[in-house]
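Consider the two complexes below, in which chain A is the common component and chain B and chain C are the respective partners.
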Partner chain A sequence: MKETNIVNETGDAVISLEGVAFGYDPEHPILHNITLSVPRGQWVSIVGPNGCGKSTLVKLLNALLPKSAGEIVVCGQPLEEETIGSIRGSIGMVFQNPDNQFVGATVEEDILFGLEGLCLSYDEMDERLKLYTEKLGISHLLSKHPGELSGGQKQRVAIASILAMKPGIVIFDEASSMLDEGSRNELLVILQGMRDEGYTILMITHDADEILASDRVLALHGGSLAADLTPEELFRDQELLARCHLREPYPWQLARELQRLGIRTDVPASEKELIDTLWPYNYSK
Partner chain B sequence: MAIQLQQVSYTYADRSLWRQTALHDINLSIAQGSMVGIAGATGSGKSTLLQLFNGILKPSQGTVQVLDVTIQAGEKAPRLLPLRRRVGLVFQFPEQQMFEETVEKDLIFGPLNFGMSPEEAKARARQAMTDMGLDLELLERNPFRLSGGQMRKAAIASVLAMDPEIIVLDEPTATLDPLSRAELIGLLERLCREQGRTIIIVTHRMDELLPYADHWALLKEGGLMFQGSGLALAQDPDILERCGLSVPQSLRYWHAVARRFGLEGEQPCLTADSLAERIALLQAEGMRDSHE
Partner chain C sequence: MNERLLLGRSIETGSWVHKLDARSKITGMLLYLAIILLSHSWAAMGLLAVFSVAVMLSTRIPLKYFIKSAKPLRFLMLFIFIVQMLSVKEGEAWLTLGSFSLYEGGLRLGAFSVIRMLFLVTFTSLLTFTTTPGKLNQGLEGILSPFKKLGLKPDRLTMMIGLALRFIPTILDESQIILKAQASRGADLKELPLKEKGRMLVSLLVPVITSAFRRAQDLVYSMEARGFRMDAPRTRYHRLRWGTADTLFVVMFIIMGVAVAVL
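Right, the complex of A and B next:
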């Protein structure tokens, strides 16, 4: 286990944890002995039942919570008193409820607030504002009050204001749980775009479609790392799914139920594909 | 009818320059003892609609009839306190409303306020805990030391403790993990089927409620676009897209199978296992036909 991590670290690991623990009482740690590394540009889903320590884990990375043991290295810098500022600059966080992270009276002010904190020139600020609002399709909302926006629009504004600060790593903490299905699909498209641009993404989620779109799954259970595997491996492991309180995407469920009834079929990509596979000949009923 | 709305409109800040119509010309009937889903895009008026159901908001136009109480626009409302006990409203993130030092004290707060005796209130609290599938030992626990799912259920139990005939829930499963979501919907369905309570659920995850709801109401921009059975919805899923919602996968797969074999009149199979069984049956029929 340890061997492989050392190999990864010498590669292009952007985050690495070694024996990390967190807790108020050493007898009952909330997280214990977490060792893992994430290469640059990977999209990682963090899953597990409510209260297993997912949010705690990501908050340790930028010292929103202090680790009680172990080593954390982010972008080549060990997390220490002196490096907290620079590490925080390289990690952006998007929370469950975008209302909790609005500070400006308009969308424009909100996005600029973060940039002002970076002491950028006005030209640079304008440039980034223009670039990221266009990227996320919210240029027409700049003069709106955050209260006038829909849930999906708010989430876009929150993401734009984080991306404009150019963090290399973006953490989403159940960022889609308050969105309707349409907005969730939009978010997936945004994330795919971010992956293509080389962002490292850590995403805490329960959503099967989001997990499926990611590169790798870290499953937490009872404060430790229960599994580190691909989404496909996770969705084939019924026992692990049950332990993590998860369900596979609907087409996977359907394929599994069909197989149980002796009908052999792969996971269909669409309803049309299912029909075409099951009834290839156009016989009349 | 448990709830009947006739030509109801609701306008916020009606007498100001900033008046904003949230609902217009809603005609809606909800049968006693049914399980009803309400869906609509953000800002379509769902939350406004819910608050009309127990008189928190009064209609700007039209008539709202809830159980035997009629609230008519422009007229003085009748005494609403008894209605508030009979119609329980569970808002989003209800666990944020818990405030007492033990779960039991939180659960009996409402019943005591509505005039039940302490013994009766405690008995109701125990019943509500059982109905929500919670261990009675948790009654002595501080509500803030429960897990997220337990807290959510305990908060719903505190509304249930008032023994309401109608329970209205705004996004009760949001942010719960998939297993806890399915469990909660199952518990709510039992309250409906076994105890005859009317359950109304606002949701943006239609897939999890589709197999259970008897009736659906879809809102778009303050208007009622659709009301009818799950069967009617399954026959015309496109209506969802016209309301700015996407069609859940379970409904898409059923609709494709139903259209292929002309099963549109059948009760829809909206879970993976029921659809798989229906497909197995179709295949067996196909096999038999091709042998003949």
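Right, the complex of A and C next:
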């Protein structure tokens, strides 16, 4: 097991788990002995092969599933029956299938569903409805039925309905896996904006670009934490990549091929950096 | 507009009916049911037709949408007409073939039943066409609120209705996908004999039901993650407001009921 703990000190941790386990059958736990902490404002990618317990882990954080053992503390509150309501108010979740998380019959009703549950005044609800629909570019879709929206638009509605509740932490459970390339890029831009605004983001993903954009990676394997490292460290570890069924980002793959052909290129952080590195070769020929 | 999307969908035109309180529209529809049952003459039917079409036109929603809502029931209407025509033996015999006769009373009752059903389905679509599902639920909750004293929980009932309406198009879409997937593997429902169709329906229902359970589980997660708790207090963005127009709307149906009963 690899442990490259980047953040294990709980100084400003908004989420901390200590020896957490979960299983429907005590003989066969799905998650065992998970210990980690996430500081405020960090963007964490959670990776691992299918069935390794990623979704189970994030569902434990707001008690959608009950832990079997260990301790979970969210925003300074230990997760117990009495604190579930308050903790759910501070954690928002965006799920994989945007169709199944649409509670309202229209975009407006769906966003209001969470706000009405917070018992907000009309003015407060109206202000948040306008603010977050404009922010996510869906203010023209308020009267639309989910069947009339594209996958990307549905996922924007799901994000707006979560952000309007003003949680400090947002969890994305493979939220981009059912989106096309364009919608994925849009989601990435939204996530980058959220990070700039100070949200703590936990994102279950298999997408190399999303992982590369994050601050930290938690790799799960067989129900336990296999590694806690930076995205760059993950993409340099070919064995871990293979175990997590992940591929390097495209610029990394290209740089590796160029190195094989004898062209000296450092592993770039982005496509732009790769282009900047390769550009001088144009003139040297 | 996609026909499947018409199920439980409102069509916004900003007409006076759209602006009414959902409770007055629900009350109006209940009164309309009573009016239909009170109509026993051609004159009453004629008056009802003029009234219904006038109200439908005033919503500024094209009449074709109302007619479309009755289309799925066309075979049921035909069945009712035939049964009434053959079973009622009143009045003059219009057609006699050996020992079998068709009577004027049977034809009249058959026609009345079909017209009543047509009015019922097309006119009550006005409620869902002019009211968003959220407002409709709120109106229903308001009307049922006196029954809270009897232990009924209107909010739970309306939540169930709302979610059912929300998911009907999604589940219909999914069944279409499953049908196409089965057709692509050589089991085309359209081309099978009736007996095989029955067997095939089972293989359609199993995945549709399994998927509906999975969707329900995801939906519960989504609702709980947004802090939803059954019976917990909630505020409302859209508030019900009963105005003069609502009173006039209900009075209009009462007057219509009296007129139809007199005719």
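In this text, the second predicted complex is superposed on the first by the 254 of 285 C-alpha atoms of A that agree within 3 Å, B and C clash if a C-alpha of one lies under 4 Å from a C-alpha of the other, contacts with A are read in each partner's own complex, and residues count from 1 in each chain.
Definition applied: a contact is a pair of C-beta atoms (placed from the backbone, for glycine too) under 8 Å apart; a residue touches a chain by one contact, two chains touch by 3 or more.
The structure presented is a predicted model; accordingly, all values stated were derived computationally and were not measured.
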| item | value |
| --- | --- |
| Contacts of A:278 with chain B and chain C, given as first, second, both or neither | first |
| Which superposed partner A:109 touches (first chain B, second chain C, both, neither) | second |
| Partner chain in contact with A:178 - chain B first, chain C second, else both or neither | first |
| Chain B versus chain C as contact partner of A:260, first or second or both or neither | first |
| Which superposed partner A:152 touches (first chain B, second chain C, both, neither) | first |
| First (chain B), second (chain C), both or neither touched by A:51 | first |
| Touched partner set for A:245, first chain B, second chain C, both or neither | first |
| Footprint overlap on chain A, comparing chain B with chain C | none |
| Chain A partner contacts - residues on chain C that touch it in the complex | 2, 4-5, 8-9, 12, 132-134, 162-163, 165-166, 169-170, 173, 214-215, 218-219, 221-229, 232-237, 239 |
| Residue ranges of chain B touching chain A (in the complex, touch as defined) | 41-43, 147-149, 174-180, 182, 204-207, 244-246, 248-250, 252-253, 255-257, 260-262, 272-273, 275-277, 279-280, 283, 285-286, 289-290 |
| Interfacial residue positions of chain A with respect to chain C in the complex | 59, 62, 64, 85, 88-89, 91-93, 95, 97, 99-106, 108-109, 112-122, 125-126, 129, 143, 145-148, 161-162, 165 |
| Touching residues (chain side chain A, partner chain B) in the complex | 49-51, 96, 150-152, 174, 177-183, 185, 206, 208, 242, 244-247, 249-251, 253-254, 256-258, 260-263, 271-272, 274-275, 278-279, 283, 285 |
